[in-house]
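Below, each structure is written out as structure tokens.
What follows is a pair of complexes built around chain A, which joins chain B in one and chain C in the other.
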Partner chain A sequence: MSIEAVGVSKSYGAHPVLRDVSLKVDDGGLVALLGPSGSGKTSLLRVLAGLEAPDAGRVVFGGRDVSRHGVADRGVGFVFQHYALFREMTVFENVAFGLRVKPRAVRPSEERLRRKVHELLGLVQLESMANRYPSQLSGGQRQRVALARALAVEPAVLLLDEPFGALDTKVRRQLRSWLRTLHDELHVTTLIVTHDQEEALELADRVILMNDGRIEQQGSPTELYEAPATAFVAEFLGDVNVIEGTVEGDGALAVGRWRVPLLDAAPGSRVRVALRTADLELLVAEDDDACATISRVADLGEKIQFEATVDGGPTVRVHLARRALLTLERGARVTIEARVQRVYPA
Partner chain B sequence: MAHRTRERPRGPVAWAVLGVSVVTVAALLLLPLVVVFVEAFREGPARWVSAVSSPDTVSALKLTGLVLALVVPFHLVFGVAAAWLLTRYDFPGKGIVLTLVDLPFAVSPVVSGLLFVLLFGARGFFGPWLIDHGIRIVYAVPGIVLATLFVTLPFVTRELVPLLDAQGREEEEAAASLGAGAMHILFRVTLPRIKWGVLYGGVLCAARAAGEFGAVSVVSGQLRGETVTLPLHVEVRYDEYAFVDAFAVATLLAFSGLATLGFKAWLEERARRAMRTTGESG
Partner chain C sequence: MAVTSVVLLTLVAVPLSALVLTVLRASSDAIVRAATDPRTLAACALSFGASAAAAFLCAPLGLAVAWSLARWDFPGRRVLDALIDIPFALPTSVSGIALTALCAPTGWVGACFVPLGIDLAFTRVGIVIALLFTGLPFVVRTVQPVIEDLPRDVEEAAASLGASPAQAFRRVLLPSVLPALMTGTTLAFARSLGEYGSVVFIAGNMPMRTEVAPLRVLAHLENYDYVSAAVVAVEMLVASAGLLLAVNLVQRRLVHRGTSNA
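Right after this comes the complex of A and B.
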């Protein structure tokens, strides 16, 4: 079922958290709501779920206006960052909960309920844990129980609020690809809130980037990464150096001794240039040509991070592939070359 | 909970503090308790039995039982509802309500009792109307129940507000998103988590209701066999110089107090164990 928000606004007291937000998630899609903390993404998710009432705007599920429906009547599966499992109940009873509270007329028989719960526990690979209590599970297992519990009522849409936020990196990765596989099997329309760009880019068909209660840009991961619409998007996605300055007569930006040629910038205008650490190149240079000194080298594993301090200017971070380490050591004199640049008005 | 290593007291100051505490506890708590029992049994167990089984004592016991049977269930329901309202909803004047709940703790019980006399007494605000309709509140059982309800108001609510606040509402939201209605959420999700707190508040409420003297004494009128509760009966007998009777009845209150303490300790242990086995962040 498609999910749609139309002109949704919400404030807490005098503080606006959502400003006229509209979005659409197509039926069967997996979309990530990405943004820094405080950008309004969780509030938007809660409004869509019906856990929070918007001050203005509508929520539409599959073409039907559900704005007046409470959370219990919207048919959403909601997964919380801190799992929100019922701690007094076993794993089995947690998953069975949504089935047990159904009205008598549509409540499955005990036998069918058992079959369904075991099926779901199999799906999340926790069949052997049915009689455990949530406190006896690891974080990753708890979140899988939370997912099975949400799926038990066969929701039309699945809303996940930072579902992997409280887990360590390795478990996050596993659950992420597992969730993607699960989605490809079940095709439930899914909206996932995250502040982790890697998670959003890896998991989602489409990414909606939020900032300060507004949607900054939406599109496929590639679109967002290759063509960031604003300086904020460019800075948020990937590891970026931002330099600011006034364009000189020859169309270049001077930062200390470093001159960055810009393609189409009007001389005299103030600009903000976003340079990805991976889009920069360092070349060893002689005294007069050089414009920066390597001030720090850090081995990050897959890549090496160099910090180059521009003469009379800022320090720029550059990521080079591992094999490039060869001649560049601390104190080496270099020039910096930008392969790709994005220029935004300052 | 973090493990703390416990040490024996070390140095003269520690021993001095310990000494003061022991003397205080002995003088203020143990000594009176011992005196009550010694005086009650001064003329032997047979005398004690006849004192506690006299018709006046039995009627006082019955009245106290009736008050408990009305007050405790009322406060269990009211306390859960009030705590739920105060922690789950925002409304104007919430701070004032929270303060008002504490009012009975702040006001002297005698003043609380007087309040009911001023409202429902013969010359009180509603007095003439009540007399016209033949309804007796003050110097009758309804007044005693009302006064006890008032002084025991804070116990359950006060116990539950911090508990519900600390637990947050995520599990309730999860239950709602799974299609559960308010009753399902209350009985399957919220109450199981706070049941020990509810019981604990109920025990404290019952202890206070059984032992309340000041407020009840003002509205009672002390009509023998009608409006005399157990604590009032102690005073009545004492004023009549029936000291052994008074102390014998007092032992009944002491027993109920000791039982309450035991039950309370057991509840605390259960609550702690429940916390341990179900974890903190579920």
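Right after this comes the complex of A and C.
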């Protein structure tokens, strides 16, 4: 079922958290709501779920206006960051909850309920844990129980609020690819809130980037990464150096001794340039040509991070492939070359 | 550990053993006479009955009050929150006099019930009202922090799974609150059993009808009949200890299901 928000606004007191937000998630899609904390992404998700009432705007599921429906009547599966499992119930009873509270007329028989719960526990690979209590499970297992519990009522849409936020990196990676596989099997329209760009880019068909209560840009991960529409998007995605200055007569930006040639910028205009750490190159240079000194080298494993301090300017971070480690040392004199640059008005 | 033992020993064990010793030193004849005195038995029955009634009323009322204080922000919440402790702080005789004045046929509250033919003061109803007043804060203060600690998202999760507020309350919230609610109710009950100051004014103290057990103890003491006083006291002690033990066992099973097993 498709999810649509039309002109949704919400404020807490005088503080607006959502400013006229409209979005659409197609039936069967997996979309990530990405943004820094405080950007309104969780509030938006809660409005869509019916856990929060918007001040203005409508929520439409599959073409039907559900704005007036409470969370219990929207048919959403909601997964919370901190699992929100029922601690007095076993894993089995947690998953069975949504089926047990159904009105008598549509409640499944005990036998069908058991079959369904075990099927779901199999899906989340926790069949052997049916009789445990939530406190006996690891974080990753708890979140899988929460997911099975949400899926038990066969929700039309699945809404996940930072579902992996409380887990450690390795478990996060595993659950991420597992969720992707699960989605490919079930095709439930899914909206996932995250502040982790890697998670959003890896998991989602489409990413909606939010900032300060507004949608900044939406598109496929590649579109967002390759063609950021605003300075915010360019600076949020990837690891970025930002330099600011006035364009000189020859169309270049001077930062200390470092001159960054810009492709088309009007001389005299103030610009803000986003340079990804991976789009920069360091070349060893003689003293007269060099514009920067390597001030720090950090081995990040897959890549090496160099900090180059521009003469009379800022320090720029550059990520190079591992092999570069041998040739560049701390104190080396270099020039910096930008292969890709994104220029925005300052 | 040592400090705890010393304190327990001097404050609890020594006085209680003195009580038991007094009884043991008396003649069996005197003990039986004191123990089976119909006026004493009626007083004990009334104390237990009224305390139980008050405790049972305290449980839902206290839960509702604690819930409102923990979950809703309304004008005057802080004032109300502070007022809850008044029965703790007030000398019991003061609350007794205040309640009597309020519930007497001429009082603000009592007057409302006169047309209905119900007397509040100087009846058993009055005793329960007084015990309710002193017992309520025990329930509120034990339950309130537990409710405050309950994560909100659990309620939201229940709602998102289609549970009505009533279903969410009964299946999800009540099990979490139940151990604390039982503790609070037991405390209220225990306090009610021994309650003297707030009860004697409103009760009217009619023998066989509105006379509570602590008053019997006092009456015996005033007659220098220490044996009878001690017998009544031991009767109360045994009965209430047995009751507290039973509640404790039930509660332990409840808690065990929720956490240690979990």
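The rule is simple: the second predicted complex is superposed on the first by the 346 of 346 C-alpha atoms of A that agree within 3 Å, B and C clash if a C-alpha of one lies under 4 Å from a C-alpha of the other, contacts with A are read in each partner's own complex, and residues count from 1 in each chain.
Definition applied: a residue touches a chain if its C-beta (ideal position, glycine included) is under 8 Å from a C-beta of that chain, and two chains touch if they have at least 3 such contacts.
On a predicted model such as this, the values are computed, not experimentally measured, just so you know.
Novice: Using the superposition on chain A, decide if chain B and chain C clash or fit.
Specialist: clash
Novice: Identify the partner contact of A:306: answer first if only chain B is touched, second if only chain C is, both if each is, neither if none is.
Specialist: Touch partners of A:306: none, neither chain B nor chain C.
Novice: Have a look at where A:76 lands relative to chain B and chain C in the superposition and call it first, second, both or neither.
Specialist: A:76 sits against chain B and chain C alike.
Novice: Look at A:135 in the shared chain and tell me whether it touches chain B only, chain C only, both, or neither; answer first, second, both or neither.
Specialist: both
Novice: Applying the touch criterion given at the start, work out whether A:164 contacts chain B, chain C, both or neither, answering first, second, both or neither.
Specialist: neither
Novice: In the overlaid three-chain picture, which partner chain does A:87 touch, first (chain B) or second (chain C), both, or neither?
Specialist: Both partners, chain B and chain C.
Novice: Show me the chain A residues, by the header's touch rule, that chain B contacts in one structure and chain C contacts in the other.
Specialist: Comparing the two interfaces on chain A, one with chain B and one with chain C, the shared residues are 49, 51, 70-73, 76-78, 80, 82, 84-88, 97-98, 101-102, 133-136, 146, 149-150, 152-153.
Novice: Provide the residue numbers of chain C that touch chain A in the complex, in ascending order.
Specialist: 151, 153-154, 156-164, 167, 171-172, 175-176, 257-259, 261-262
Novice: Within their complex, state which residues of chain B touch chain A.
Specialist: For chain B paired with chain A, touching residues are 170-171, 173-181, 184, 188-189, 192-193, 277-282.
Novice: Flag every residue of chain A that touches chain B in the complex, lowest number first.
Specialist: 49, 51, 70-73, 76-78, 80, 82-88, 97-98, 101-102, 133-136, 146, 149-150, 152-153
Novice: Please name which positions on chain A make contact with chain C in the complex.
Specialist: 49, 51, 70-73, 76-78, 80, 82, 84-88, 97-98, 100-102, 132-136, 146, 149-150, 152-153
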